[in-house]
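In the two complexes that follow, chain A is the common piece, with chain B as its partner first and chain C second.
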Partner chain A sequence: MEPLSQARAAYRDPVLWCFLAVMALMFWVPELIIYMGWADFWIIFLTEVFIWSLFAVAFNLLMGYGGLISFGQAAYLGIGGYTAGLLLKYIVWMNFYVALIAAPIGGALAALVIGYFCIRRTHIYFAILTLAFGHIVYLIAFKWYDFTGGDNGLIGIPVPDWVKDPTFANYYKFVLVITMIAVYLLWRIVNSPFGKTLTAIRENEVRADFVGVDVQRFKLYAFMIAGAFSGLAGALIMINERSVYPDLAHWTQSTQVLLMSLLGGVYTFFGPVVGAFLLLTLDADITQNYPEIWQLFLGGILVLILFGLPGGIVGFIQERDETSADDQVTKMNKLIAQFSRKTWYFFIGAVVFTAFFAILQAPDSWWISEDWDFELLSLVTWGIIPRTVLQAVVGAALLWWLLRGVRSYQLLFRWLLLAFTVLSLVLQMYLETPLSGLAIVFLWNIYCFYVLFQDDIRQAFSDGVPAAAEDAAREAAD
Partner chain B sequence: MLLRVENATMSFDGFIAINDVNLTVEKGQMACIIGPNGAGKSTMFNLITGHLTPTEGRVFFHDEDITGLAPHTICQKGMGRSFQRTNIFPRLSVFENVQVAVLAHARKSFNFFTPAKDLVQEETYALLGDVGLVDEAHSISGTLSYGFQKQLEMAITLASEPEILLLDEPTAGMSPQETTSTIELVERIAQERDLTLLFTEHDMDVVFSVADKITVFHQGAVLAEGKPEDVRDNPDVQRIYLGEAA
Partner chain C sequence: MADFMTNVFFVQLVNGLFIAAGIYLVASGLSLVFGVLGILNFAHGSLYMYGAFFVFTYVGFTAGDFWPALFIAPLAVVVLGIVMEIIFLRPIYKADPLYQLLLTYGLVLIFGDLVKLIWGAENQSVARPEGFEGTVTIAGSLFPSYQIFVLLPAGFLTLIGLYLFLNRTAVGRTVRAATQDREMIGALGVNVRLLYTGVFAIGAFLGGLGGAVLAPMGALYPGMDFDVIIEIFLVVVLGGLGSMAGTALGALIYGELKSFGILFVPELESVFIYVLMAVVLVARPQGLLGKKVEGGH
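This part shows the complex of A and B:
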């Protein structure tokens, strides 16, 4: 039963457990923020990141796994928010948790009704139908003053006292736990027979139909699951603000979540989480100083992603250059060559973007100025452009040498390269690069770790140099 | 009688693609439909498998009326089909391609929380073994060669344990070697699993070596039907179809 054990090993997905472990550690981040004296803003910010991550993963169940591109997903965000909000506001004895559970049920029921019509059409017709229904939901919230409060929204929604603590730490933790549970459930769903069948429908609907799959029913269920988790996210946003406005259901929110999925990677489970984090970070970094260029910047990023990284960032990290016909040695060499190439992309990206964000945040410090106490040994005082040039030159020389070692499968260089990326992160932290820049370097760290510690590559390193690699190394040395 | 089509007519906005066709396939038969391009072979397949509902006429499977049923329902009743263009799930692994079909057949698809990787392993590997793809189980199916993809499609089709196999041009676009090995595979599997076969084919060598009953379609109607020898000697058939080659 060799194949069986093989598949079992593959099932212990390290990415999921890493995610859950990181989330568990983040439980104490509010204490850290308070202890370090940083702004409370970051606690609220992270709470929003969690909620949007949940929303984006739910949305991506439709788009990435089901191939159903919904342009109206914010409708369920709104329905969840209003369901819980109306219950809490108008029913005096309403329990907080009951209202919170009602939100996903409301989202699922709305998705059942709307989905019943939408799934009868495919591709662009499906997308336009979801947009149309989404707008109907928005207009109901916007115009029905007696029930939803219209464009005034529902304000002053009663929430328990523990939500209202001045540092927002309690609610942060509450949202963190809910997001962990919800994302874990969604992960189980996409890896279940239901999820696999949904992916098959995405790949080839006609064929799926003729292996005996009731395609319409699967699509409707997927629509309802996405609606339920979106509704939950909507309720969490409502509680965070203790009010709910029609804007929550506006189509711009739907495009926002679409961008998160595209940015992070549509065909990956955690891509949308990375996308949500990156987009909100960029938003926070850039709108702070240059609110007027935010849209322009977002457009630029999107064009870059669609042309340069069509699989999104996580797709870029996970992509592996292999053909089933290759033998082991060719495969390893291809993988290492691809690693080398992508490491350069990451290096250039990290240098350019960290400098860019740093200049955005501190526009006066781009060059050595007289106001600065210039010290040769303190990089912070160098000004952003000079120090970036230095980083690029020294970094590139080091990286070139390290990658040569990696290409000839020397164990030591694998560790040195990893240390190099970690040191880059430490350096950026020391230079107080804005969060967006740190995020890019951090993704580079993850990339190196992810590739160099894949089972097969690790084995290639510890088994010594594969025969063909020796030649390649000799060529590289010549 | 395993499969019976009675007086089927299919018209698309007035264009009559199938005109009052009767067709029967008996259990264990190797039936073949031939005919020039546009004769209505693929439309006939689509009528039988539920992808189209005939304008008039009925389709019976095991003497049960299946006219107008959804394709997935007909599939679950024991009909398997391969498509003219290769029809797999290109971004899934070879294993997953077959597993999805096995799960659907075992009615285990509506399961939201059990990890799919633990389910129906043995059945899936057995099917991959039957078509000789065990070594490729973890490859992404879209990267396989054309011949392998056709073999994979066969495994997907067999996963629903069909009694009758409808193959639409199983050797289209194949090299002579691939054609030979595909036909050997089909014959072996049909024999091992006691399958009935209904197929369309353009390669006359294949048709006459495999089929024990041939139906000739011409302009949406049946022109001739019978044993291969009889069809070959039929003057009408020779005129419209074999005449081209002679």
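This part shows the complex of A and C:
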């Protein structure tokens, strides 16, 4: 295929359009939440998820596509937040939108200056330099009282009236639209010749240099683009809280975004989005119950990912089973064979996570609760461990049975499988499983749908163009 | 007036030496481990923090007996370091350096919260040992006696001890050879695994010693690991990664710059060292005394 048509085909990529479609549907989620009478917390929470997704995707442009691990990306979050915050706070006639546009510009300029020093070194040196410069941004925000307000932060930043909507729905929608646009732009960047060159540099810098690529310049541009979008994310966070503190630029924020990318999968475009969703859900769960072990938990996840799941969750899903490819087996069966193995991992993961977080949330009811009576219908009053064991046994039996049947009655069982995935979600909601358990099962659902429908989705988009992200994943595997 | 200025100059010079000695104690271990194992250990700051907290616990148990803690706390850190090396680092020596960096970073997070769980999130402090609470007068200026009689000698002794160990003993020669060519050392029949564990243990000891010596001089708090790790990274990168002499030079520059920075621009004292580091890295990417290697790590 010619390069140009390949590039054009990338825009027809189903994953991108599915993502945008889901995002578009989420436009009405606040109405749903208000209609159902759920807490406003959910709207704020989702707003945060969008902002962090944007931040994580921007960060992953450096880490996943450029191979440049920045330990100080929160600096640009802080610079964006402070740029917009200072403009709005101290310049009376400042227009809200002008301040919002100034944030990414500020982020890009800061990245230009810092990047000028950082990109000269690679790998470990780059990591240390970004860490050091990130820390200096934090120190300036923290210590320069006259300008940034020091550790008191900037508070009471004026925002337009529509942002102050009591249900938070307006700002939610605003952030949603900006995130969609920004992620689409990043997608275009990643799939442009620029993005491909960046990946080439990641793979082999010396060779890229030999074929005439100005390596330093490309890295600097990537650094600036990541800085700009991070700055935008910072401004969005600032407006969400109507205040900005030095903590926004603190290294813990850099850690978070690093983990989001790793958890979701660094060699995939949308991996960081999944990572952001998951990590923020876990955060909401754990900090609610055990705030003091949050870092411990993050560190544990990091070590586990590095040892067990280097491709991240999305990378794991997209990984191809080349060895099981057999000409005799039909395409569908091949798919199912691959599906079943991963489904098992996912299912076991979902059960373990559900149990773990159920225990975290209700530490007293590990075994049985006090008003326990032995009836299936009062499953809710069962303790967490029996409930989880039951879930696992029933789920595993159903799954086993379904997957056995898949080979013989493909279409019927495909639909049964779909019904089963939704059923498990309904069951989890009925059992009032904690947030993180729900998040895992929700992801599991999306995964099942993705795998079972991917042929149909591909066909709907007229040809079998593999997603660019998958290409990258395969390149990485090679 | 001129007399007053020389006096201030002298005081800041000595204060800079204090800072340099403290930072050198911690940074030397990091530099040694990087030189031999090729791993930039993010968790070195955690080892330093544990050294300090072990002193706190020991002094608490024995009701003020400080001196044995200076030796016992680093030994406890060595045990921690060896366990860490065997469980986490051994499987990843051949992995991408960034992967190693991320792993040790994960360990920093875990160690940091464990400190909170064990010792609590509040600031703790260790009293200075008896007889060293006061000040001494040198050339007409007052200095805290703990810094003069404990910190500075500890820094110098470590510097000299490391020099003698690396240059005058057989084991030290092997270690130095390992910094030059790790594969060749293995081919010559040296037990590389043992060597790595040993070097990591020495590095952990130095980190723990740094924490122990510095413990009475400031507050102990979860998060002190991260404050120190950035400083020692700066020092080590400034001097040249893996170069022991470079680390000492980097520590000296860092200490004096910080000391005089506080005198002239108190608000932005920490900015100077970053500017210097940026200049050095542009002009001399391998650090002041580093070997000239590009790429690789």
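Basically, the second predicted complex is superposed on the first by the 411 of 478 C-alpha atoms of A that agree within 3 Å, B and C clash if a C-alpha of one lies under 4 Å from a C-alpha of the other, contacts with A are read in each partner's own complex, and residues count from 1 in each chain.
To be clear about the criterion, a residue touches a chain if its C-beta (ideal position, glycine included) is under 8 Å from a C-beta of that chain, and two chains touch if they have at least 3 such contacts.
It should be emphasised that the depicted structure is a prediction, and the values quoted were computed from it without experimental measurement.
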{"item": "Which of chain B and chain C A:A127 touches, first, second, both or neither", "value": "second"}
{"item": "A:A24 touches, of chain B and chain C: first, second, both or neither?", "value": "neither"}
{"item": "Partner chain in contact with A:I34 - chain B first, chain C second, else both or neither", "value": "neither"}
{"item": "Partner chain in contact with A:I136 - chain B first, chain C second, else both or neither", "value": "second"}
{"item": "First, second, both or neither for A:G299, with chain B first and chain C second", "value": "second"}
{"item": "Which superposed partner A:W144 touches (first chain B, second chain C, both, neither)", "value": "second"}
{"item": "Doubly contacted chain A residues - partners chain C and chain B", "value": "206"}
{"item": "Chain C partner contacts - residues on chain A that touch it in the complex", "value": "69, 71, 117, 120-125, 127-129, 131-133, 135-136, 139-140, 143-144, 205-206, 251, 255, 258, 262, 292-303, 306-307"}
{"item": "Residue ranges of chain B touching chain A (in the complex, touch as defined)", "value": "49, 51, 70-72, 75-76, 81, 83, 87-92, 95-97, 99-101, 103-105, 108-119, 121-122, 125, 134, 136-137, 139-140, 143-144, 156-157, 159-160"}
{"item": "Chain A residues within the chain B interface of the complex", "value": "3-4, 7-8, 10-11, 188-189, 191-197, 199-200, 203-204, 206-215, 218, 267, 323-324"}
{"item": "Touch list for chain C against partner chain A, complex", "value": "40, 88, 91, 97-99, 101-103, 105-114, 116-117, 121, 226, 230, 233-234, 237, 241, 267-268, 270-271, 274, 277-278, 281-282, 285, 295, 297"}
